[in-house]
Amino acid sequence: ARILIENINEKCFERCVPKPGSSLSSSEQTCLTQCMEKYMQAWNQVNATYIRRIQ
Amino acid sequence: ARILIENINEKCFERCVPKPGSSLSSSEQTCLTQCMEKYMQAWNQVNATYIRRIQ
Amino acid sequence: ARILIENINEKCFERCVPKPGSSLSSSEQTCLTQCMEKYMQAWNQVNATYIRRIQ
Amino acid sequence: EHRSRIQSQSHELTAICWKKCITSTIKSGQLDKNEQTCLSNCVDRFMDANLATIKHLRNMRQQ
Amino acid sequence: EHRSRIQSQSHELTAICWKKCITSTIKSGQLDKNEQTCLSNCVDRFMDANLATIKHLRNMRQQ
Amino acid sequence: EHRSRIQSQSHELTAICWKKCITSTIKSGQLDKNEQTCLSNCVDRFMDANLATIKHLRNMRQQ
């Protein structure tokens, strides 16, 4: 799970915090939460498709 | 050779399949073949130049 | 220090030498020197902020 | 070791297909239908491209 | 091993924040004030985002 | 180990120089003359930049 968390942080920080300010704004926080949920869904789906393919 | 194949797949998929559809189109397939050949030539040339340089 | 040097080379070459010619021009050399100094300062500052944060 | 290579391949594919398929501003924590289709196609086409490369290389060596 | 993970995290953060904060043409070997502020904020906000993710995942598991 | 570092450096250089030199749409399986020249120059200038960095760092330490 560590690699997944690292990737989520990297991709979502890149997307959601274009100009880092003195604190996370509420829209940045919302984006980070949604991005995390979306990334985990994407990972689940990629995983399932990939496993199906290599079987 | 495994790293070379992985790099070819990553770079050429990125270039040749911008929007993945329900199958590879013939122009995507042509692009993938040409890209692979080109990447191998590039690797050979970079390799030769690099070896010459460090000797 | 090896990773730092590798990162400096990669980032600064990417920035300062957009179209590699038959030798480094003097403006490319100036850019490379300034970029290296800037990258080291950035690394020092990131390091200090990060250490402060995890303590 | 086999298992860990599958896992690391899965993480790489997620990064590649995330970049290709999740391109618009994030406005919800759910993948929409287009994103889901794109992600599945992305994995399948990547595997197709992969197999084509390996096959092509094998042919080149036999010549 | 702890020390080496801190170092590699530091290198990654430098690469991430360099991309976000050093965006204009390089004309001097010194970081200017805006770049310095941006770099510090970048590290701090990255750590904030990190903690938020871990907390959110923990909550999801407990549900 | 020396050999494997040369190989991995070669792969990285290919990725860096591919990005800089193969920028137009792929229409043939052959490198054209400009691409060939660009690739050689890219490796040579990268090595020049590398040496300049190491030299500069050595000078800074001696001061």
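The letters A, B, C, D, E and F name the chains in turn, as written, and every chain counts its residues from 1.
To be clear about the criterion, contacts are C-beta pairs under 8 Å (C-beta built on N, C-alpha and C of every residue); 3 or more make two chains touch, one makes a residue touch a chain.
This structure is a prediction, so every number in the text was calculated from the model and none was measured.
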Fewest touch steps from chain C to chain D?
3
Going by average Cα coordinates, which chain is farthest removed from chain A?
F
Of all other chains, the one whose Cα centre sits farthest from chain B
E
Name the chain pair with more contacting C-beta pairs, choosing from A-D and A-E.
A-D
Between chain D and chain E, what distance separates the C-alpha centroids? Give it in angstrom.
28
Take the average of all CA coordinates in chain A, do the same for chain F, and state the distance between these two points in whole angstrom.
32
Let me have the rounded angstrom distance from the C-alpha centre of chain C over to the C-alpha centre of chain F, please.
16
Could you check chain F for residues that touch two or more other chains and list them?
17, 21, 42, 44
Which positions in chain B are in touch with at least two other chains?
16, 33, 36
Take each protein chain as a node, join two nodes whenever their chains touch, and name the resulting shape: line, ring, star, complete or other.
ring
What sequence of chains forms the ring when you start at chain A and head for chain D?
A, D, B, F, C, E
Of all residues in chain F, those that touch chain B in their complex
6-11, 13-15, 17-18, 21-22, 26-31, 35-36, 39-40, 42-44, 47
Please output the residues of chain B touching chain F within their complex, sorted ascending.
3-4, 7, 11, 15-16, 31, 33-39, 41-43, 45-47, 49-51, 53-54
Under the stated contact criterion, what part of chain A meets chain E in this complex?
5, 8-10, 12-14, 16-24, 28-29, 32-33, 36
Note which residues of chain D are touching chain B in the complex, please.
12, 16-17, 20-21, 38, 41-42, 44-46, 48-50, 52-54, 56-57
